[in-house]
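Shared between the two complexes below is subunit A, which has subunit B as its partner in the first and subunit C in the second.
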Partner chain A sequence: MVDGRSLTRRRAGARLWLSLTWLGLLCLAALFAPWVAPKDPLAQDLFLGRLPPFWVTGAEPGYYLGTDSLGRDVLSRIIHGGRVALMVALIAGVATCLLGATLGLLAGFLRGWVDMLVSRFIDIWMAFPPVLFSILLIAVMGPGLWSIILAIVVIDWTRFARVIRAEAMAQGAMDYVASARVAGRGRLGTMVREILPNVLPTVVVLLTLEMGIAVIVEAILSFVNLSISTDDPTWGGMIAEGRTSIHQAWWVLVFPLITLFLTVLAFSQLGEGLKDRFDPVLR
Partner chain B sequence: MRVLQAILVRLFTTAVTLAGVAVVVFVVIRVVPGNPIAMMLPPGATEEDVARLTALYGLDKGLWAQFGIWVAGVVQGDFGTSITTKAPVLELVLGRLPATLELSIMALVMAVVLGGAAALVGTRWRGGRVEASVDVANGMALSVPDFLWGLVLILLFGVLVPVFHISGRVTPSLDLPFTTGFYLFESLFRLRFDLWADLVAHMFMPALALAIPLAAIIGQLLKQSLKETMNLDYVTLARTKGYGEFRVILREALRNAALPTLTLVGVQFTFLIGGTVIIERLFSYEGLGNMAIDAVINRDLPLIQGIVVLFAVIFTAVNLVVDLLYAVLNPRLRHG
Partner chain C sequence: MSFLDIRGLSVRLKKGPALLRRVSLQVQAAEVRGLVGESGAGKSMIGKAVLGILPPSVEVSEGEIFLDGVDLLRMAPSERRRKIGAVAALIPQDPLTALNPSHRIGPQITDRLVDILGWTRARAEARALELLAEVQIPDPARVMRSYPHELSGGMRQRILIASAFAAEPKLIVADEPTTALDVTVQKQILRLIAGMQARHGTALLFVTHDLGVVSKVCQKLSVLYSGLVVEDTSVAEFFTAPRHPYSAALLAATPKYTDPLAGLNPVPDAVIDAVRAEVAAFDRMRHG
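Showing the complex of A and B:
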């Protein structure tokens, strides 16, 4: 009989490697976008508007995934749009993680008034629809890369704080923490040296998931035209344009959508795969 | 006694949360750098016009005074006047609320049906390929948010096989006899099935997009609880009586397995309502969320405030109801 656990682990391993491969390719493409992209993503040519992708009749050589209504190359715009998406994922993800995990750790380990304060704030934050909240913040701060990043941090820190607070509370009740205290470690020392290493796997999983969420939030904000300047290519902006010309040029919507779909899926599968890896029951 | 105490504590924290919401909304919105008054006036307006309008909207007073005026108004049901449409905010917001509520409820029903079916099928044929497929489908549905499902659905059922409408709430050329905003319910009530079909054809895709992630959560949790229940003695007893597997699951196991899922559905329902904001935009559905995005783009401060506060009140109310139900239903709290 096949051992069920090893089967589960193999499947988890496969999805880990698939996700990592896709994200790695995307990172490379984004990093070397000016060299990888076949065309200038901003170059317009009205005579080459709405060219179909290469396998459809009427395609122009060199424009592999077709062009949009202004004659801009879809593939090059996807590659350059990846720069914004991954930058937001990385910076916003890490910043959100630092803020949220720190607050969660403090609340869960120190308890008392710190916990009260943090928990109240989490309650208030949970009362806002996140998309509406982020659109509101961008409207207030003005569009731009840093506004998006700041909006994500301001809204999503509760995702980390809630989970890490609960974990820190559970860890704090364990015997090893008490013995560390008896052995003479201070409160802060115990938190950093004993609790933190034990909640770190959860933090890493949440960080991976958060990066996927950040990519989506950036796409949504670009979709409602509140992202970076409208000339620069973003996946959400391309999707918004594709949505309006869906009956004339489906490829303007489909290719950025596939890219976004795979990226979000890769981040979340990476997170889930890591969760299984770290889970002692499965291991 | 314990239940009463839990309820009182919960009511108190709800009040604190709502007060916090009011402060946060106000603080965020008053950081706006642009001057909304300047945008409302035609070019060439005099200084006096600006001053008159500023005074009219109370923007010339101090921050605390503005906050006081706003809160006092809100408590009396006066959310101010929309800057772009000049209509009372409360009227505008309540006019759009039924559309969003219908969409949310439709999505919730779809999620329960889809998730419930997935859980039942996964439990009935557990341990084999069928359950594995259900797990994979659940995992996919969970990993991808409603916004992307909406786009996928537009491509599938709006373009590839155009069976549903991809924008709007109802075909504009139709004559609507409705007196309330709840078109879907009212069309049923008036036996106007032609209108009902048109409304459903518009609502189907946005509702499904909202439902997919929640359906996955329901499917996962319910399947897990069902499988645990299936090993209990009383279920084994029912099986020895010769009942079929499906009947055992539906009549015996489901009743005891449903409670954890029910509480989760309550919490997740607020996320679904939050998702309507972007989904309504995607499908040009005339609800609150779509109006909120327009209000943000037009810098219509009173309208934004009204919508955000209304959403926050709905969220808090749903959470409160779920918690109270849990306090009443949970035997450990009841007999503690």
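Showing the complex of A and C:
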């Protein structure tokens, strides 16, 4: 007899472990990129241009995923590109989360003028077209890692603020909040002790989604050449370069794209997996 | 002076209609007062006003609430909160939303004693175990480590009762504590509350719409209609000789289990019209 619950439980676990494995490998590779990468990601060799990946005839040993039109090793560039991608994901994701979730929590629990202010701010903010807004921002600030991070934070905090505000409002109406108030807990104490733990699972899911989104945004901005300096390899930049030679050397485009796809997928699955695992109500 | 003394309390929606109309009532130490009335009559609103948890859309427009000799409405909010927390507690209506799903039962009872009243953790835990045993929870130590969703509704209501009595409050507001429970569990919970009240000598403000409950638990009774206290009496008197026609009609409307074929006697339209006229007359008098 197979118990249905144990089945879903195992799937949730697999989701968590698979995504953690992929992200862990990526993190290690990015952290130790100079030692892990088989070649120098910037070294050009025009004689070794557009080498195919190792299993295709004509491949050169040592260049596992082939080379681009300038003879740079695709695998090494993906590994080094991971540094930028993960840094943006981590810093931008956490900063966006902190800003948005805090404002949402305050607005949803305290209500009154705080809520008015935050909600109007969100409404106005969301009326700006985000892509134009970020391009404008980077055009003003100049391209660079911190410009991208700032652009992501400035654009995406509303995603957190809206969702967390609604959650905090729903939790605030529960009787246990009234009990805590009667017992003598202050407003901030009630917010931190009673409301925060109950919105935390949602915050975690949003955070991991946001990290995935940050990776995509960084790739998009690299694609349109608004990311960090053009020398450093980025996944978006590689995809942009690969696009021009897709018929001669598909691997230059496809491998960064697969990496990007798997990473974003891993981030979203990590959030779901964590939620399944640690939310006491679902558990 | 009574332990709880509400004098001429009016509550209304901000810039809107009145919800309570000059409500006055007293609860003596160790006394149980019932608050009955239809849905929307303002029963719960009185309890919320006493405990300082009125919704933000509502305001007190006049009146005084003396709790343990001090007027709550004239105190600074933080001071009021401390006073209420020290002498009063709440048994909420719905046990399913009254425990925080993210915390284990133990800390939910003990944290408040430790953080707000300054008890030591050991003393708070001993107290919680003792009270959980008193509300007849089997294996209190295990329940302390459980999350709320692992327990049944009746168990959770018992825990809430234990939690309400934890700091030895002088007054407990019970806001329809049995409404969300099965009829079979209701009776046990009711007996439990009455027993705890008697043993601890706590005053109780018991909000309910069930006159059967009133007859079992309460000594005094306030009957509300549309925020107006239409009758303030002892329970014995209410059941033998209700003075107000609305009270008499409410009493007559209670289904008789001894004669199930008798059918229901809804409150007659004439009585409703009369009590509405009373409310209207009150409002006219107030606005000249």
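Odds and ends about this structure:
Assume the second predicted complex is superposed on the first by the 268 of 283 C-alpha atoms of A that agree within 3 Å, B and C clash if a C-alpha of one lies under 4 Å from a C-alpha of the other, contacts with A are read in each partner's own complex, and residues count from 1 in each chain.
Note that in this section contacts are C-beta pairs under 8 Å (C-beta built on N, C-alpha and C of every residue); 3 or more make two chains touch, one makes a residue touch a chain.
Note that the coordinates shown come from a computational prediction; the quantities given were computed from them, not determined experimentally.
The superposition on subunit A brings subunit B alongside subunit C with room for both. Look at A:Val131: by the touch rule set out above, it reaches subunit B but stays clear of subunit C. Look at A:Val36: by the touch rule set out above, it reaches neither subunit B nor subunit C. After overlaying the two complexes on the shared chain, residue contacts for A:Asp175 are found with subunit C alone; subunit B is out of touch.
In the superposition on chain A, A:Leu260 makes contact with subunit B only, not with subunit C. Counting residues of subunit A touched by each partner, subunit B versus subunit C, the larger count belongs to B.
Of the two partner chains placed around the shared chain by superposition, subunit B is the only one that A:Ile216 touches, whereas subunit C remains out of contact.
On the chain A superposition, the C-alpha centres give an angle at subunit A of 90° between subunit B and subunit C, rounded to a multiple of 10.
Contacts of A:Ala183 after superposition on the shared chain: subunit C is touched, whereas subunit B is not.
By the document's definition of touching, neither partner reaches A:Leu90: not subunit B, not subunit C. After superposing the two complexes on their shared chain, the closest approach between C-alpha atoms of subunit B and subunit C is 17 Å. The contact surfaces that subunit B and subunit C form on subunit A in the two complexes do not overlap at any residue. Within the complex formed with subunit B, the residues of subunit A that make contact are 120-121, 123-124, 126-133, 135-142, 212-213, 216, 219-220, 223-226, 239, 243, 246-247, 250, 253-254, 257, 260-261, 264-265, 268-269, 272. Listed in rising order, the residues of subunit C touching subunit A in the complex are 48, 51-53, 56, 78, 81-82, 84-86, 88-90, 92-94, 97-103, 108, 111-112, 115-117, 147, 149, 160, 163, 167. Residue ranges on subunit A touching subunit C, taken from their complex, read 111-112, 174-176, 178-186, 189, 193-194, 197-198, 200, 280-281.
Interface residues of subunit B facing subunit A in the complex, by the touch rule stated above, are 13, 16-18, 20-21, 24, 28-29, 31-33, 139-140, 142-145, 147-148, 151-152, 154-155, 158-159, 166, 270, 273-278, 281-282, 289, 292-293, 296-297, 299, 304, 307-308, 311-312, 315-316, 319.
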